[in-house]
Amino acid sequence: MNFSPVHFIAVPLFAAFLIPIVGRFSKEAVKLIPGLVLLYLSYVAISLYPIALQKPIVEIIAGFKPPFGISLYFGPLAAFLVTMVMLIGLVIWLYSYKFIIREPLEKYYMLFMLVIAGATGIMITGDIFNMFVFLEITSIAAYSLTAFLRDKDGAEAAFKYLLIGSFSSTFYLLAVMLIYANTGTLNIADIAAKMQTVPNQPKIFIMILFLVGFGIESELFPLNGWAPDAYSQAPSPIGGVFGGIVVKASTYAMMRFAFVLFNFHSMFELILVLGVITMLIAEMSAMRQQQIKRMLAFSSIGQMGLIMIAFGVGTDASVRAALFQVFNHAVIKTLLFLAAGYLVFHSGSKKISALDGLGHNKPITSFFFALGALAIIGLPPFSGFWSKLYILTSVAKGGFLASVVLILFSGIIEAIYYLRVVGRLYFKKDVSQDNVRRTPISGLVAMGILAVVILYVGLYPHQIIDLIKPAAHDLVDKAAYIKYGLLH
Amino acid sequence: MISIPVLLLLIFAAGLLAFIAHHTIPVLRDAIVIIAITIAGYIVWQLPGQTSNVNFSIGMFAINWGVTEYSQLFGLLIAVLSFFALIYSSAFMANKERLGYFYMNFMFSIGAMFGIVYSQDLISLFFFWEIMTWSSFMLTIYCCEEAQSVGLKYFIFSAIGAYSILTAIVIIYSGLGSLQLANIFANFGTMSIAAKLAVVILLITGFGVKSAMMPLHVWAPDAYKMSPAPYTAIFSGALSKMGIFGIGLVLFKLAAGQGFYPYVQEILAWIGALTALFSTFYAIFQTDAKKLLAYSSIGQLGYIITGLAIGTPLSITAALFLTIMHGIFKSMLFLSVGAVYYRTGTTNMNEVSGLIRKMPYTFFTALFGIITVAGIPPLGGFAGKWMLYESLIQSNHYFLVIVIFFASTAAFLYLYRFIFSMFLGQEEKETENVKEAPLRMIVPMLILAVSTLVFGVFPGLLLKPISGAMGYLGNFQHAWETSVLFNNWGSEIDLNTIVTSIGGVFIIAWILITVKGYRKNRYVTTKDIHTSGEVPTGNENLTYAIDFYKPFERALGSVLKPSVDKLYNYTGKLLEDSFEHLRYVYTGNGQTYAMYVMGFLLILFLFSELIFGVAL
Amino acid sequence: MHIQDCTENTCVDQIQKIFHTAEVEIQRKKRVKVKLRLDLVPLFLSYARDYLNFKHLAHISCVDWIEENEFELIFMLWSYEASLMIMVKTRVNREKPEFITLSHLWPQAETYEREIHEMYGINFKGNERLGEFILEDWEGVPPMRRDFDTIKYSKENFYQRPGREDAQDVRETISKHSGEEVPDFAKEFSIRRIEE
Amino acid sequence: MDINWLKVLGIIITPIIAFIVGVAYGGIVRNITARVQNRFGPPVVQNFWDIIKLYSKKTTVSHGWMHHLAPVFAITASVTTLYFIPVLRDSKLFANLSFSGDLIFLLYIMVFGSLGMALGVGQSGNPNAAIGVSRGLSMMVGYEIPFVLALVAIMIQFHTTSLNDLLAVQDKFTNWIIFQSPIAFIAAILAFLGMMGYAPFDVVIAPAEIASGPPSEFGGKYLGLMQTSRSIFTFAKLVLFTDIFLGGAGDFGTLIVKTFLLYMIPVLTGIVNPRFRTEQAIRFFWKWPTVFGVIAILAVVMKG
Amino acid sequence: MTYDKNSKKIVDIIQNFARKHSLWILAYGTGCGAIEVPPTMTSRYDGERFGLRGAATPRQADVLLITGYLATKTLKRVIRTYEQMQSPKYVIGFGSCTINGGMYWDSYNTIKALDRYLPVDVYINGCMPRPESVISGFIKLQQLISEGKANGAEKYQKNLEWYRENQKKVIHNWKMPDYNW
């Protein structure tokens, strides 16, 4: 069978379109369709992966060859990220299957499909304007998902998200306009080739716009004001969607542009500094949070800071480490959000103090949360350990010893607040009265898959490293990107 | 071929199996762990016969496991102590809950310790180090709700330690590009002086946390107190030795021969001595037996660190000898406290007294334990102490030897208090029905107790592997015979003669005092004492246990007032409060956030020349 | 209203001004005697302590007036400033001897009260430590009451070594030996003894 | 295996001699005390009668096996200490086991008895006894410091830890260590005051407050054995000090003279002094004696 | 003159000689006699010449010195103390109060004849006896010991029932451990 990267965009878009219609007839079908779609796409991703590893697949839409038409670029990096997105998506769908019981179901799944479509679109598109479209799709779907619970807080959070997000879109669009004005093309590879000729001043201008635009989405301080609210007010699986998919997509975009279009030394340094600041402030803020999901949100921001540091070092090894951390963070944070979702559900409150003793009552869910916590702190034998180790070694090799110390310092803070929660789960008297409701099997299976991935990667990190190596190379190697992107 | 991977796999699998077994077939649980540790003991025993290392790579790091004589010494200690502790815990933990959790973490930490000692590269060492940290953390918080904050403190300090090690590792990696121990040891000198110093300091800090070196010790007393007794034995007996293991490697394999080595030695020796001194002082005024022993443990580790830091062959022999002995006697003591806890439900020394008649074997173990700790001949502690003093004096550390001796003498105080308050004194009404601990707890304790006597008479049994380990550390050699020890000035002590004469006189006196007037001895209760004619009633306890060393406390005056612990707590609180202020950067107001975005944009534009080198 | 340097007279005036029923009398220099109704005593004592500056409770004692079927309680207060002692006397019914404790005013009162309770059987309400004090395992009439016959008790309980019959009253024996004259009031006492 | 009969003989008679001398010293001390207090005092052999009487008590009260063993510990420590001290210099008979141990060993074996005693005392359950032990152990920490300082000073000065070597160094009158390092001797002799337990450092057994402290539950043969051990131990300590500082003794006459003179220092101090409280005693030891000890070490180090 | 029939005579003589010359006193300081003991022991009269010496606890003591009247409450403690002593042990009664009650003949809480309750080996009369007579009392006791007649402890043990009966008559609330030599 002949698959094409187009499926990644087309199928979920189509599904999103289909879901409201099917919803008229059958609620079960609405629940099933996203699963089928994601399964299919996972299959596609896995079967395309070996091909992409050999040579990036460039798919041309509507018959115009690049740089004139819209093209999709499915290289090793895209393959890696898309596979990851599909995995996360699948797990979240499985989890949502029983978790999301509030109407309108079809809207939830429609928006979910849109996020998947948008995020994968960002990751595989080769066209800068096309990326804007996908960015908008993702963002708008994300706004709506934030407000899905339709309560006051959700609406407020969604509004904030919308407000800040619109800045992002505006700046991005501005940057696209400037690029087009300066280079006359919208194909990324083509731009990359022509960017040499652009004078420094507009180049910097564009770069700043990009940085701010994507910085907002990838939660860089001080652009990440939207994140804590959005994470904590959206339904729990959506927290996973944000942390594992949306943010990762814009991080990808930012990094792609940084490496392919600009490649300024000073830009990487700026990213590194911003990453350090983001990480520190987020971890410190997480320390005394009262709500578990808000705490996770800050932790998520902190992790993004860590990833940014690794990207900011800009060496091959550090990019590898960053991608590893991207993967680990997506998996672990999703697991944490999913587990937290049921913990909040069972305790009936978003407060951390309400979680006392839940470990006795809901042992498996709590266990998954604890596992996720240990993994994200970076303890062996979980996956988080290796990526943190890689980041540290690569950062140190890059010569940023101060950053190493700061990363470790924030690691200690992280350990403290996670262990406090875990301690509450297991070592306090059980206060909850919830003995009837159980975590459904689908939720447990979803978390179980992630836990197994964490453990597996923790014990056999080299397998994932083998995948990351070409992906990192794909990101760093500008010449190859131009070569393949322009179909030379 | 049975070798290290099998060993590790066996232990970790046993941990998992025990966890599963606890939830399915609880009967198998104890059997699994004990069988596993027995087999592991055998594997460890025959490991030196295998010369080839295990090599493979994870990701971009090459992993290398192998046996050295140095690691074999620690490996055997771990195996033996774990074996006894697990047998003990099969009785001690019998009716506790969450045993799957307990045994899993127990086995994991044992496995991690094996991993540490057999690692020949820093990555796997750190990997196992972290596993050891969290599994021991899990057991620290196992008991109860109060253990929460204790566990957190332990974890924070462990994290600080682990991250110092990690920092050192990345510095080494960035400097040498290899993390194989052999490579590092060979090429360490080629790094820059600053990097070398940083690595040594960071590694010593990291390892020092686990070996409770002052001022990084504050986690230890509470953590030891909170963990269940069989694990406390391992915690203090074996786990803290991992720090010693690391410090030994750092000192003799990395720092030795560098320009700053003498300074490091001197500072570390003094840190060790002061650790010993102050922890002894703190131990004297504890009311909880486990905390007392914990401080004692810190002090003993201080001696060991001093011994290592001095770095003469005799002092290293002393340090390694004490390492093994400390593993044995501190496990014994913690196990005997555990036995008391098992029967009476408390470790508070003011609450129990007069257990000697109820629990004679436990008392016997504790007695041997304290005599060994005190370093009184003829038991094993003496040989170690003797070598330590001799080496200190003969390497011109006169004031160090005074400090160490001071600590060692003051140790009698807490040791006596420990055994007096729990086992001696008047019998309590509440402990009337207390029985001796079950056989499975007694036997390991007694075997360990007898072993102290054996090693006291024949220290050569231990000195053989130790001299092998010293050969690995740097070709140190010191002459010894099976029961004769020599110092550098030509003096010797003949332990065989010493023990014979002590034993002979003791037995003759014993026979004399027992045979004469045998029939006229009247055994009376502890209530029948001279109290100016007053008769104590049954529920009155006259044992003098509270504020036992008040005069000594008064004599010390304000020496003990300043507390590192308080300083840490204060710093921690200060930091957390400042974080609290910081988190209001996130005001929750959309307009503020928008302003942040615009402000950030503006800054980038305005200062673009500064940041990017191009003015806009 | 502190009286810093009150003399006997000003003190008497002061007391009489406030306690009209009190019989106040200057016994001798530095010594004032106050007779009071039982229910006024606590009030008076706290007044004396707080306003007249009699800070020190020197003693509490008791007299058995068996003929009047009453116990007399005597409180001795001392003022350091005035170096003056007040003796407060009051009567308690012998059938149901009860008074309230003064230990809230002076903690040392507790001890005196315990003793009086043990020796006379007066119950001080509010004193929690009443109970066995000096005597051990005492049963029966409190020994300091005049209706308790100590000779009889001694004879019944303690072995009397023979050979002391002649010397039960030392004075009499001495007078017999030396021909000393015994006064009448003393004779009366000793005769009563011998008759018994 | 051939048995060194000379050694066996030494091992048998040394404690006996020590016992006789020690007990006699005890009697003499009581006499001297009486003289100082303007009394006649008991006969010199009084302490023998006391010990015989204690042994001939018809009953003993034991609080348990640790209580039973306590005097055994004590006598083991004192006799063993004696064995490892060369009683006479260059005497094969009285060298005993002194070649198998050294000063550091002696420091530790001397504690053995105290610890054993303390354990037995503990089992009696008498609070007075426990208070005594608490005081005794605290005091021990006090006086061990100057003592060890002095010993370390001597050890580093003569590069040996063996008593026999120290004896060999002091081959003539002017080479006595008391003359070679007098400051160390001062420190050691001040510590010696505490060791002997005479006033002002007799708070441990303070009979008027804590009913003789540690031995308050011991009577009869237990007390007798303890007195025996105390006598032997006193002698052992005196010989030790003589060996270290006063050049040992070649014959018993010299030994008696030297030890007796040495013994008079704590005794005469004790007769005319009141009692220190525990913390005062500890502070005393940590003040001047320690300073002297440190000076002694510094002097040695300076000298090279 | 022997009271341990199994032992040999010569040993007995030595033992009695030692016992005689080593009398450790437990001075139970009741009544006014307590003040007579210090002069006996100190420079003026120097009791130590005779081997007298203070003992701190009953476990170590040989002689129990009752120095005056005994209230019933005190008697209980004295009996307890006596029973804690280890035989051979001796009791010396001091002053007329212990003999016949003395000036406390009509007291409601003072016993009048000590030997009804404890086996007294030697009485020293006087109110109070001066140190000279105290010393003469001790010399008498030494005589008795060397003759083997100071066997109060044996008497007590043999006639324990009679003593107990008397003791219980004055001490109503008898809550004491059994006699254990």
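Each chain gets a letter, A, B, C, D and E, in the order it is written, and its residues are counted from 1.
Just so it is clear, contacts are C-beta pairs under 8 Å (C-beta built on N, C-alpha and C of every residue); 3 or more make two chains touch, one makes a residue touch a chain.
No experiment lies behind these values; they were computed from the predicted model shown.
Under the touch definition stated at the top, chain B and chain E share these contacting partners: D. By the touching criterion, once chain E is set aside and every other chain stays in place, the chains split into these groups: A, B, D | C. Put simply, the chain farthest from chain D by mean CA position is A. In terms of the distance between Cα centroids, chain C is separated most widely from A.
Here the chain at the heart of the shown protein, by mean C-alpha position, is B. More contacting C-beta pairs link the chains of A-B than the other of the two pairs A-B and C-E.
Here the spacing of chain B and chain C, counted between their Cα centres, is 70 Å. Centre-to-centre spacing of chain A and chain E amounts to 96 Å, using the average Cα coordinate of each chain.
With centres defined as mean CA coordinates, chain E is found 38 Å away from chain C. Computed centre separation for the pair chain C/chain D is 60 angstrom, with centres defined by C-alpha atoms. In chain D, the residues touching two or more other chains are 58-61, 211, 216-217, 220.
Shared interface positions of chain E, defined as residues touching 2 or more other chains, are 57-59, 76, 84, 180-181. Taken residue by residue, chain B touches two or more other chains at 520, 522, 524-525, 527-528, 530, whereas all remaining positions touch fewer.
Looking at which chains touch one another, you get A-B, B-D, B-E, C-E, D-E. Considering their complex, residues 4, 14-15, 17-19, 21-22, 24, 42-43, 46, 48-51, 53-62, 84-88, 180-181 of chain E touch chain D. Residues 11, 55, 58-64, 66, 68-69, 71-73, 75-76, 79-80, 83-84, 97, 99-102, 104-105, 108-109, 111-112, 114-115, 118-119, 122-128, 130-131, 133-135, 137-138, 140-142, 144-145, 148-149, 152-153, 155-156, 159-162, 165, 211, 216-217, 220-222, 225, 277-279, 282-283, 286, 293-294, 297, 301 of chain D are the ones touching chain B in the complex. Of all the residues in chain B, the ones that touch chain D in their complex are 354, 356-357, 363, 367, 371, 374-377, 382, 385-386, 389-390, 393, 396, 398-399, 401-402, 405-406, 409-410, 412-413, 416, 419-420, 423-427, 487, 489-494, 497-498, 501-502, 505-506, 509-510, 513-514, 516-517, 520-531, 542-545, 548-552, 554-555.
Against chain C, the residues of chain E that register as touching in their complex are 72-73, 76, 99-101, 105-113, 116, 166, 169-173.
Across the complex, chain A meets chain B through its residues 156, 159-160, 163-164, 167, 171, 200-201, 203-205, 207-208, 211-212, 215-216, 222-223, 225-226, 228-229, 264, 266-267, 270, 281, 284-289, 317, 374, 379-381, 385-386, 389-390, 392-393, 395-397, 399, 401, 404-405, 408-409, 411-413, 415-416, 419-420, 423-424, 426-429, 460-462, 465.
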